[in-house]
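One structure coming up, written as structure tokens, with questions to follow.
As written, the chain order gives the labels A, B, C, D, E and F, with residue 1 at the start of each chain.
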């Protein structure tokens, strides 16, 4: 089985951003995503939805170019005002074209 | 502390597969797994359990050989008919033998 | 956008350890964490909180040094008596200083 | 009450209105949300309550009348999925997995429709609101329709091509499925504790029943509403199938119920059971056995078409038919 | 009951005591936990119950009295966020996003305070415990205060600087928000089913109402308790604002309600609605529109200060004022 | 009712039958599931209800009778874990952590057994179904058995070897634990609101109590059923210990209760409290303090053996004993 490398972008942030983030990653070239409900703490204080059950974690498998675009968009549109973090790393998948 | 490298296989798919997937990864050599409840969207449409609360994500730390076998099994048995994705990457652990 | 590399430490274990683990990773230099509720099986048998809903998964983005310290602490303080696993891998982030 | 009045009063019952509220909430994308754990707990509660109430009423006399209706139910659990399969293959031109999958849905029971049927009767005026206490056991028997449909599908495909979820597992799952365990378990407990034991738990399992069902139907409406959006996807054949088949099944189930000696109310509920199409157990079983079958077809038709059809026009229709045929047969 | 007695009896009501129990549990870091899905389901239940009960009571006569109070409510939904904004900018020296964000909270409705107000009246002796059946519709109208505040903020900032969540989306979210849909949906269903249809679901939506509210208030207390800890962070201005503004709003709302022809009890509830500050819909809307606004300010003052102030001293105060003014106006 | 009748009527009570249904459902691997948030909310509800009802009944007269039973309860909270520890070390040959861990379970209280005991009494015929209103406070006191057991273990091990969860933390956790806060909080609220305040929330906290408990016991049965499977793992000593110790504790608790002046019903409930073994607070505290102790031993014996033993044969046994001893002591 030949494995190909794609990038897994993980975004953790306030639930209030859910729809907007999904919309944004699709616009930047993602073809799918997986969400989990999490909670956590970072360097910002309380955020609006904290008492309503924490954060969401969005994971999306994308090509390196799309990953770069998503990371840029996160830094530009969300980091200044929202409690959001994002990170990226390589993973290997079977059908690379599904995520390209 | 010496760290050794093992592989983390992540499978995201329909809850209806839960028992079968667990059974399968054990048969292929895994010694443990962790499940989370997630939801998401991909390139397939609706799936049967969608309205019943999304997908499951199974993560299992295994040796490289076992990882290959699991990825093969996923591609052969599940990708054709089920809404399932799988990916794999290296991680470092303290007690490598636990997962070999 | 320049990305820098930090380490993502993942700890999966019994919920009874939640407070203590959070306290410990902060003491060792982490500045944030994200928790999810998961369940799973490993090589140990039943554990006390199993019937109360599984495990927790703690993820923390830290510098390599802090990651080493956390992995050491896990191996020394928790592996002998608790059902806990931990692993670590590199990820890339935008604002590396936030996690250093 | 005359026919028009029955239809009107069903349409304007809290149950149907709550269901409609749910549909509307979904269509206007409102964020009303009844969390999943609540919905799961409520369905346990509804099935257990129905089993309990049935058990409490059960007495020697009624048991002797159980045999014939039970046989009729078993016959329906075999016949309904069979003819659905044949129609879907022959007229609908579906392939084997899809035909068997859809047949599994229409051959088994939707708890919410069943419960709404019970509630429909209980709402009637004193004296006209009783039915055979063993009815929950019939609903449990009808669950076997899933097994029959899957068996047909696997047989026609040759076992090799189906997924490895063996039929044995499906049979076990059906026998130990949630609804069967709760209905039968509740029934047995009801029999044992009797009127007196039930009195102290009646505030929960009796008095609240209808209110909880209304609450539940808000969510069912939202569920149906989400499927409604996919309505166009299922195509004209399934739209007709999902509307007409339940009505035919309801008439057949009601007729056979009366012929088997059930009271008009009891026969009505058997009609409801026959007409209803599963939306929990069947989807899971079909997904596991025939992953090739397209879930949006069977989910949309079962939840988006047949569920509302049954709740809104099916219930009063089967009821009026049961009364009419009961009168014809001199059973009222 | 005289004034002292009213205050005492509110303080010692199960509602306030459960709220205090929740606060205490949080302060001593007790692990009492009412899981989130339960809380979500309970708030659906409470709003739907209130809508239903209102609808059942609604009759032609009361509807004709609806117009004036509705206009007054709309006026309040415009005026309250406006003067809050001006005070917060002028005296509080907040920047635009924070001023608009806080104004959005105080301009809209806290379901729990509203529900506690209803329950306050229902607890009164027979004959003194009725109010206009259309009251839930007023609460739904008052939700528009959020839109008004956000509009002011966006207008003052220039649209470019605000986040891309367009005002259109906020308007749609407000119109289709959970409380509006449940209150209005319940109201309509109540009107349709009437006394008779309601009778069979009353055990859930009527009899249990107060008990469930008490349970809910344990969690609300815990919520307020967690915010109380941040009390110091909000600074003296917000501490005063969060305490005094609800009292002023309560008096204004009550007065205008009486002038618009509401009964003293109805005017009291309008006062409660005006005094209350949102803690679910407003935070989400503000977060999406003005992410620059500091959530710990609006959350702490709304949940940690205003909620307890309203529940503990606001309710009896507005009630006594309504009775007094009602007497002055010869309305009792 | 005579003894046989009491035993029969307990075995065939909805409570025990629901428990058995849960066990059976697990053994046949049925998928009946009552989601965790529901179970958590129900246990909050049950404890709060019991506190409330107790508080409402509490009057000056009963308080003066509280002292002696309270002292007896404290004595039991010290003595029971101590002798359990000694037996487990001496006869069972367990190491210190395991002995202390198991002792912590048997020294404290199982809420569900306690609640079932209360419900057992309330089910009795009018006139025979009362007990001292301060009983919930005794259950809260008995929670201290956990602290005593852990203290013994830590003392015997030397502090250095135990985990760093300091005894201080365990003491604080016990004092502020869920059951203590809800029982005591409920008691206080009940005292303050009195009969009249309670009347309006009684539909939830009174009338529904038994039905909800039955629902809860389905899940408890499933829990016990899952542990039952591990039955063989715990070995013959623990099988005997888990069966016999609760019976001995029940008899001792009942006897001391009567000697301390409790009514036979009250003494019976103290017996139930003494006999019961914790399955929520103790496992968590033991896991944190003595991670070396093997959870499958204490969980299986507490949940898989002692819980069913108490519910099925313990309750009628302690009750009959209380009546008999009460008669002997001339207390009936």
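Here is the rule we use: a residue touches a chain if its C-beta (ideal position, glycine included) is under 8 Å from a C-beta of that chain, and two chains touch if they have at least 3 such contacts.
Note that this is a predicted model, so its numbers are computed, not measured.
> What chains touch chain C and also chain F?
A chain counts here if it touches both chain C and chain F, and no chain qualifies.
> Using just the Cα atoms, superpose chain A onto chain B and tell me the rotation angle to the nearest 5°.
Rounded to the nearest 5 degrees, it is 120.
> Report back the single chain whose CA centre is most distant from the CA centre of chain C.
D
> Would you mind checking which chain's C-alpha centre is most distant from the centre of chain B?
Comparing chain centres, E lies farthest from chain B.
> Any idea how many Å lie between the Cα centroids of chain B and chain F?
From the centre of chain B to the centre of chain F is 42 Å.
> I'd like to verify one number: the distance from the centre of chain A to the centre of chain C, where each centre is the average of its C-alpha atoms, in whole angstrom.
Taking the mean C-alpha position of each chain, the two centres sit 20 Å apart.
> Counting only residues that touch at least 2 other chains, which ones in chain F make the list?
35-38, 203, 208
> So which stretches of chain C touch two or more other chains?
In chain C, the residues touching two or more other chains are 36, 89.
> Judged by the touch rule stated earlier, which pairs of chains are there in contact?
Taking the chains two at a time, the touching pairs are A-B, A-C, A-E, B-C, B-D, C-F, D-E, D-F, E-F.
> Spell out the part of chain B that touches chain C in their complex, as residue ranges.
Listed in rising order, the residues are 1, 3, 6, 8, 31-36, 61, 89-95, 98.
> Can you name the residues of chain E that touch chain F in the complex?
Where chain E meets chain F, its residues are 12-14, 17-18, 21, 24-25, 28-38, 123, 203, 207-208, 210-212, 214-215, 218.
> Provide the residue numbers of chain D that touch chain B in the complex, in ascending order.
36, 163-165, 223, 226-227, 230, 280, 283-284, 286-288, 291-292, 295-296, 299, 303
> Per the contact definition, I'd like the list of chain C residues that touch chain B in the complex.
Checking each residue of chain C against chain B gives 10, 12, 36-43, 55, 57, 68, 71-72, 74-75, 79, 85-89.
> For the complex, give me every residue of chain C touching chain F.
Chain C reaches chain F through residues 14, 16-17, 20, 45-53, 81-82.
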